[in-house]
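These are the structures in question, set out in turn.
Shared between the two complexes below is subunit A, which pairs with subunit B and subunit C, respectively.
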Partner chain A sequence: MSKRLEISVSRMEAGAPVTVLHVKGQIDASNVADLETRALDLVKSGTGNMLIDLGGVTFMSSAGFRTIHRVYQAMHPAGAKGQHLKLLDPSDEVKRLVKTLGFDKFVGVLSGDLRKAVETF
Partner chain B sequence: MASVAAPRQLDVAVELAVLPDIREHVRLAAASLGLAGLALEDLLVAVDEAATNIVKHGYRGQSGRLNIAVERNADTVEVRIRDTARHFDPRGEAPPDLTVPLPDRPVGGMGIHLMRTLTDGMAWRPVPTGGNEITLAKRLVR
Partner chain C sequence: MEIGRRIQAGFLPSRLPEIAGWDIAAYFRAARDVGGDFYDAFEIDGQRHIGLIVGDVCDKGVGAALFMTLFRSLLRAAAKSQDFRGGAGIAGAAGDPPAILRNSLRFANDYIARTHGDTSMFATLFFGLLDPVSGQLHYVNAGHEEPLLVGTGGVKGTLGNTGPAVGLFEGVDFAVADLVLMPGDLVLAYTDGVTDAVDSGGTQFTAGRMRDFAATGPRGATGLVAGLADAVERHMDGAVRFDDVTILSVSRSARD
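Moving on to the complex of A and B:
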């Protein structure tokens, strides 16, 4: 049966402030709403740099990409500049989907150390 | 709840909560037929998209059942998904324009695109007694 995603938020800074969303589980249409609500609330409260840590995500369908798309759009209202949305440690399959769906030019994909990932903002 | 009706067959009530059960069933069955690695992951995404579409747009909140059968056919693994929902041919859906920048791109429309692009074949036929049968095929990697 469907399981809720484990989501936690941390704030880090290495030059620019970055909000990190750590997600664990399998992201599909049954449980993605929690992630979307959480991420959009962060954008509403002023988050301009977001890193979504997908290191603990073992499956992600288009439901996850729809959420990433909505979050990206919320971070980039007309004329807005300087906001960044990046993914950390997605699985090989998710990396492939990022390209297949044409997200790669807009959403950065990083791997490895969290601290170094935060420094890229 | 899930029940095994026959080897490599799964019959479940229609609800989004069963998506992980469907994926787990297809993962085990397809792996036992020789599919592995990213080819297997591709098939799982395609099957998840098909099942999600049936639950959300086929049954539209009505109750019903989904039958999933996993078979080997020559050098492909095929997943056949049957429902009793209204007829809907996913092959007729126009693909989203993925060259449009994300800020201007309409959200959604990615599921059927992934069913098409992540598999080596997507077939559809109306079931004579009512409902749909979608078959997603993935070639075994040699």
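Moving on to the complex of A and C:
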């Protein structure tokens, strides 16, 4: 079983307010609830732009993709527009899966500087 | 877990189609915690077309097993709907493989996304429709591991991605690709339970080893599936089965 995920939240603004979740660890079925609860709570309290920083994530199983889908769904109730969910610095393997599974059509994938990533919202 | 295992086993085909000039073979072994793998092979409109599916539903346990039955049934029912009561079929015109594939995928995808979207369950799958007379194989690869195309001289290529995973986003489309299987050609479809199978020391079987086996192993679907399954089982000997192992292959006889 994997360890708990380390998650910290920060709020940044460069035009639009963006909530950033910095995640560290290996995401799998045993600990993905940590990320899901945190992200869904933020959506409930009105977060419209979310950037999940996966720079510290070395592995993500399909459980992680389900959570990203859940968060996306929560941010996009029927007819809702203008909310954005993006991923920052996923590993090459996660980047490949994002594309293969078709998540790239709904979730933005960015790499590099955090400030520049926030400016894309 | 025993319940999940029985559900899963009950939705695998009890027999594989037998077609002159072709060999179809499959192997399946459930994980310790039951995964959501499945395979299927069925005839459409007599033997005009043969449907071949390998799928992997995300997650583990009874939930994955239940969704496996749903994906399998929706795809099979849509693709074979023209065979029921002489109807026009919900998947499109009879005899039009691209339409059958595209519409079956859309049907299953939109149903799951709309009805069970809150669960975020999804499946990756390969769905091929073979015309046994011409050897033409139309297929959709929905976010799945790329099946191998193997000829008498070795691996000739892979059947790459043509669309997203199934069940996540309503309204997405699935492209259809095609190729012709020449005498002696074989397609090997599988789930990541094969390549990710670990031995007691944590070493994976790997895609490279599977590819080497396909290139140099026994010719023909029955021989290759049995040989590959044996190699994977030997590799895993005594180790925990983290994922289902599923293999499906179809080959055209060398003499035609």
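The rule is short, and it goes like this: the second predicted complex is superposed on the first by the 120 of 121 C-alpha atoms of A that agree within 3 Å, B and C clash if a C-alpha of one lies under 4 Å from a C-alpha of the other, contacts with A are read in each partner's own complex, and residues count from 1 in each chain.
Here, a residue touches a chain if its C-beta (ideal position, glycine included) is under 8 Å from a C-beta of that chain, and two chains touch if they have at least 3 such contacts.
Just so it is clear, the structure is predicted and the values come from calculations on it, not from any experiment.
After superposition on subunit A, the partners subunit B and subunit C collide with one another. Once the two complexes are laid over each other on the shared chain, residue contacts for A:R96 go to subunit B alone; subunit C is not touched. Within the superposed three-chain model, A:L51 lies out of touch with both subunit B and subunit C [touch as defined at top].
In the superposition on chain A, the chain among subunit B and subunit C reaching more residues of subunit A is B.
Of the two partner chains, subunit B is the only one that A:K3 touches; subunit C does not reach it.
By the touch criterion defined above, A:A63 reaches both subunit B and subunit C.
Once the two complexes are overlaid on the shared chain, A:V23 sits clear of subunit B and of subunit C alike. Contact with both subunit B and subunit C is seen for A:Q73 once the two complexes are overlaid on the shared chain.
Subunit B runs into subunit C after superposition on chain A, and of the options 75-83, 93-101 or 201-209 the stretch responsible is 201-209.
Residue overlap on subunit A between its contacts with subunit B in one complex and with subunit C in the other: 29, 62-63, 65-66, 69-70, 73, 100-103, 105-106. Remark: subunit B residues 16-21, 23, 38, 41-42, 44-45, 48-49, 52, 55-56, 98-99, 101-103, 105, 107-108, 110-111, 113-114, 117-118 touch subunit A in the complex.
On the side of subunit A, the complex with subunit B involves touching residues 1-3, 26, 28-30, 59, 61-63, 65-66, 69-70, 72-73, 76, 78, 91-93, 96-97, 100-103, 105-107.
Those residues of subunit A whose C-beta lies close enough to touch subunit C in the complex are 29, 62-63, 65-67, 69-70, 73, 100-103, 105-106. On the subunit C side of its complex with subunit A, the touching residues are 58-60, 117-118, 120-122, 124, 143, 161, 163-165, 168-169, 172.
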